[in-house]
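Look for subunit A in each of the two complexes below; its partner is subunit B in the first and subunit C in the second.
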Partner chain A sequence: MIQLLANWILSFDILSGMGNSVAWGLSLFIVAALIFAFVAVNAIVLVYIERKVSAFMQVRLGPMRVGKFGTLQTVADALKLLQKEDIIPRSADKVLFIIGPWVILVASVVTFAAIPFSDTWLAANMNIGLFYVVSISSIVVLGIVMAGWASNNKWSLYGAMRSAAQIISYEIPVGITLIAVVAVVGSLNLQTIIQEQAGTGNLFHWIPIPLPNWFIFHSPFLFIAAFVYLIGATAEINRTPFDIPESESELVAGFMTEFSGLRWALFFLSEYANATLVAFLVSIVFLGGWQSPFADYQGTQIGFSIITLVAIMWTLFVRAKTGRLSVYPLGLSLVITISAWLFPGFAIWMASPGIFWMLMKAGSIIFMLMWFRWTFPRLRVDQLMYVSWKVILPLSLINLMGVAIWMWLTGEIQF
Partner chain B sequence: MGRLHAEEMVLNMGPQHPSTHGVLRLKLRTDGEIVSHIEPVIGYLHRSFEKHAENLEYQMITPFTGRCDYLAAMGSEHGYAMAVEKMMAIELPERVEYLRVIFAELQRIASHLVAVGTFGLDVGAITPFIYCFRERELILDLFEMASGARLLYNYIWIGGLAHDVPPGFVEKTYEFLDAFDERVAEYNQILTGNKIFIERAADIGVMTPEVAINYGVTGPSLRASGVNIDIRRTEPYSIYDRFDFDVPLGQGLQGTIGDSWDRYYVRVLEMGESAKIIRQALDQLPVEGDVKSAIPRRIRPPKGEIYFRSENPRGELGYYIVSNGKNVPVRLKMRSPAFSNLSVINEIGQGWMISDVIAILGSLDIVLGEIDR
Partner chain C sequence: MSYFSNISSAITTLVDGMKVTMGYFVRPREHVTLQYPDEVWPIPTRNIGVGEIESYNTIRSKLVVDFEDCIGCKACERACPVDCIDIETFKAGPDEDIGTTKNDTKIKLRVTSFTIDMSECMFCDLCTHPCPEDCIHMTPDYQFISNDNVKLDVTPEERWRDRNHLIYQFSKVSPIERAQRQAEAEKVAAAKAAAMEAKKAAAEKAAATKAAQEAREAEQAQTAAATPEGIGVPIAPSISETPVVQTEPVPVSTPTVESASEPEPMEKIEVPLETISTPEIPEVKPVTTETAAEPETQTEPEDSSKGETENG
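After this line comes the complex of A and B, so read on.
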């Protein structure tokens, strides 16, 4: 994308004199700024959505005052945070206290360089993309330990120690789960991983249910792996039910206790950046990234008809069970289905791969993370370790072996 | 290099901490995450209730009692009014007795809703808390209808009530009760049966009956240990002997009898029992009767002393009143249940992790206003 942008800049007559290297450097800055803008805007939007989602789950309205339906609430909050007094506790380790939040932010923003938003929108097409993302995102723990230690507060220290233990424990199963996918593709390039998932095929290779060729449907092992990865990643980004490092009711705010204003906003920003990153990774690795789930426009029509049928059954089931009528899923799917049948252009657009599908998939995963957060209680720190070392790690190892055997059985690899 | 120097760390939890239910301070001696000793430090909400009472006329003390256990103001007022009435041998109209029971039980539900919700909050579940407050709001609406206030009522006066309930109150209470049973099922769905919640609460902070009795623990926390003591049943006061209700006991459904889960679940069940009592009281409520007819013109209990106890949502609430025949008590001692319940925290919380100490504290359901008085 950087080279494309550089070529585009050079294509203008006035600018063509600047030379290739200057144009390349300029494009580099533009792309970096775009990524940062994406992360920042994304956080503001997600905070608003999270507050609304939590409000609806808790029979409340959520923010309603600032802007129509409270849409400007998070903007106002962000501005307030920027204006706040910059407090550094007297006994804090000043240097670490200042750089800690920045380390966390940089580590979480930089990972987006390797994330392909669509087939062309990709800052850096690295052949070790997956490895890069996993390794860079683990730098976050350094920043957390820095922040927790520098605060010179016992609660922050507890938070930092818990966080270090948690992130390191969960990195192992998460990494092994991703290796299972890499074993199938034979490449660490995220773009290649997505391209491998094009087209439709049978569920688990043999069961004759036509489904997209996504890795979640590749084999029973990868199906489990997707959930293992989601659980492990939820723990890695410290979200409920694994939000032990910042467990509000226990450690006040964990490693963030002493932070306020801008520095605290940076933590918040990186938290949502991490959540988005995990959502993107799940959709890239298991859900086909920017690939459309439908092969062609007829597939779109049939696919949405099936979804509508499921929605009707779900609505009837909910009605029978609770006596309440939930119209939104049914209404939405009905509208899309009818328009897919009426307007072939719409159906063709739905069937084409692109950033739309990437955002849809990532958005669904983020919604699931929010759903977890507002329904589950929090695990205890030793239970968390138990889940990591005694449940998820063995499971991911078995998965890795299972995937290898599966591929040998289906003839995808030969020895 | 010598051995790594390691020692226990003293962690100061509170008085400003999200989960100490007010301004409680816990001095924790911790070895990593494990807590080896807990010392509760109280007094941050001390308002000299008992000393104030020595300088106030009897009827002026009523609003102060509500400020002690601010989550169960009706219960405190009820207990105090009954204590003075017993000293003065006042016979109450039937309607007053029934309305008092209705309010005391509504208050029990409201208080248990806070207990259940905040316990969820302590183990990290935020949504059940909001659900509980949704129902508590309906109860507070009922209180507002009757007394005009939502938290501190000054409604149950010595010898009667401040005023009769407005028209429509009974119907609205029935409406609330009809909706309530369904809502309890909702809590059970989202919290009680949740696997993570059970992991966090079951087998944690087990309180054996012996420990509970030795420390003077009362109320739901005692009954969760399997001790069948409910003053409404064992020593019926007011008109509690006329109602048919069960006393839920801890059964160790998810772990050991007397664990945090039991303390939580006993409260959930008690809400249902209270709803049952309210329903019966509403059915039997006499239509006729002046709620102010028995209020004495001058409140001067005869010389002597009394200890009167009643079942507050948190346990045995006792008033010890010494009178010298004047209109001001010589001494008023309040036996607050949460004070004794808190004292057991070191015994049952030792050796658990910081997170568990918070869960145990939440399951004891303390109110600092009442502990410090």
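After this line comes the complex of A and C, so read on.
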């Protein structure tokens, strides 16, 4: 993407005199700014959506006063946070206190450099993309420990220690789960991983249900691996039910306790950047990234017809069971299906890979994370360690072995 | 084996929980938070047997005064059990025309201040019945949030106190005019007090000369010395509160008990005048007796109409 942008800049007659290296540097800066803008806007939008989702799950309305349906609530909150007094405790370690939030933010924003939004929208096409993302995102724990230690506060220190223990524990199953996928593809390049998942095929290669060639449908082991990765990643980004580093009822706000104003906003920004990163990674590794779930436009039409049928049946089932008529899923699927049959162009657009599908998949994963957050109670510290070391780690090891055996049995690899 | 059963039960219970939250997420939101300033619960109506008067059949809340109809009779102030109504009136001149009420009653008193302390009001509705002009009434408006408090004619120092106490000012008289009236009344009072002092001084002098003459004459000195002290000493330095005690016995001789308490709040400044200048008391009395008589005569037909509606 950077080379494309540099070439595009050099294609103008006025700018062509600046030279290749200058154009490269300029486009590098532009791409970095774009990524940061995406992260910032994404956080503002996600905070609003999270508040609305939590409200709807708890039979509330959520923010309603600022803007229509409270849409400008988070913008107002962000403006308020920028104006707030920047308090640094007197007995805090000033240098670490200032650096800590920035380390966390940089670690979570820099990982987006390797995330392919579409086949061309990619800042850096690395051959070790997956490794880069996993390793850089673990630097977040360094910033958390810095912030917790520098605060000179027992709550902050406890939060930081818990966070360090948790992230280190869950790095292992998450890494092993990703290794299972890497074993299938034979590459750490994220673009290669996505391109491997093109087209449609049968479920688990032999069950005759036509499904896209995503790795979640590759084998039963990778199907489990997707959920194992989702659980481990939820723990890594410190979201409920694994939010013991910042558990409000025990440690005031964990490592964020002493932070206020802009520095606190940075924590929030990086939290949602990490959630988005995990969602992107799940959709890249297991859900086909920017690949469309439909092979061609006929597949789109048939696929949406099946979805509409399921929606009709579900609506009738809910109507028979509860007496309520919920028309939104049915209406949405009906509109898409009818337009897919009427306008082949729309169906072709739906069938073509692109950023739309990437954002759709990532968005549904983020919704899943929110769903987790507003459903599950928080785990105790010992339960957290139990889940990590005794359940998820053995499961991921079994998955790794199972995937290898599966590929040998199906003949994907030969010795 | 409990290891695997634990895992399976964990998965099933988590799926159950997720089903519940998704059910609430998809379900149309029927019973949710009332968006208060935009939506308001309907005010409950009821029939308490008063008849067609709409304001009586709703909940009793904010007290409101139609100030154009107020004649300053202070019937409501006296009726209030918690003393939350405070009225300040000044007598209009004999040839001044202030206006008439909707019942064509001539207004004889200038009401410079009519405040109701809503924080003390207990919504008992007792003040609305004695009103001869039906100008004070309770409304179903229960929302005390408004910008009207800003109109209070108080000094900036007092404003904070008044915000806290929810004091509502209904008088349309401007603060400047009110100050003028107060100053005028004080001036008149001061003039009268000065005149009285002069009169008293003359009386004292006369008494003193008389006493001196009598002392010179001979033995009746004890009776002569007692009289100047009793009259002259407490009044001479200033307009003190002691004269009020002296006035009370004077109106007690009037027929009703209600009118007995009236002269005190009616004209605060004139009270000291009455203490010594006895000829002024009959001037005040007709006003008070009229105002006291009107509510009595008007509340009786109301009661009878109530009875009719109940029977009907």
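Going forward, the second predicted complex is superposed on the first by the 413 of 415 C-alpha atoms of A that agree within 3 Å, B and C clash if a C-alpha of one lies under 4 Å from a C-alpha of the other, contacts with A are read in each partner's own complex, and residues count from 1 in each chain.
FYI, a residue touches a chain if its C-beta (ideal position, glycine included) is under 8 Å from a C-beta of that chain, and two chains touch if they have at least 3 such contacts.
Please read these numbers as outputs of a predicted model, since none were measured by experiment.
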Clash-or-fit label for the pair subunit B, subunit C on subunit A | fit
In the superposed arrangement, does A:W374 touch subunit B (first), subunit C (second), both or neither?
-> both
Which of the two partners, first being subunit B and second being subunit C, lies in contact with A:V53: first, second, both, or neither?
-> second
Could you say whether A:D382 touches subunit B, subunit C, both of them, or neither, answering first, second, both or neither?
-> first
Using centres of C-alpha atoms, tell me the angle at subunit A that subunit B and subunit C span after the overlay, to the nearest 10°.
-> 40
Chosen between subunit B and subunit C, the partner touching more subunit A residues is B
Mind working out whether A:N20 is in touch with subunit B, subunit C, both or neither, as first, second, both or neither?
-> neither
Subunit B versus subunit C as contact partner of A:L61, first or second or both or neither | second
Once you lay one complex on the other using chain A, what is the shortest C-alpha distance from subunit B to subunit C, in Å?
-> 5
Going through subunit A, the residues touched by subunit B and also by subunit C turn out to be 57-60, 374-376
Parts of subunit A lying in touch with subunit C, wherever the complex brings them together = 53, 56-61, 64, 324, 326, 328-329, 371-372, 374-376, 390-391
Tell me, which parts of subunit A touch subunit B in their complex?
-> 54, 57-60, 154, 158, 240-241, 243-244, 247-252, 374-383
Subunit B residues within the subunit A interface of the complex | 9, 11-12, 17-19, 33, 120-127, 130-131, 134, 190-191, 194, 196-197, 199-200, 353-356, 358
Residues of subunit C that touch subunit A when the two form their complex | 3, 7, 14, 17-18, 20-22, 24-29, 31-33, 35
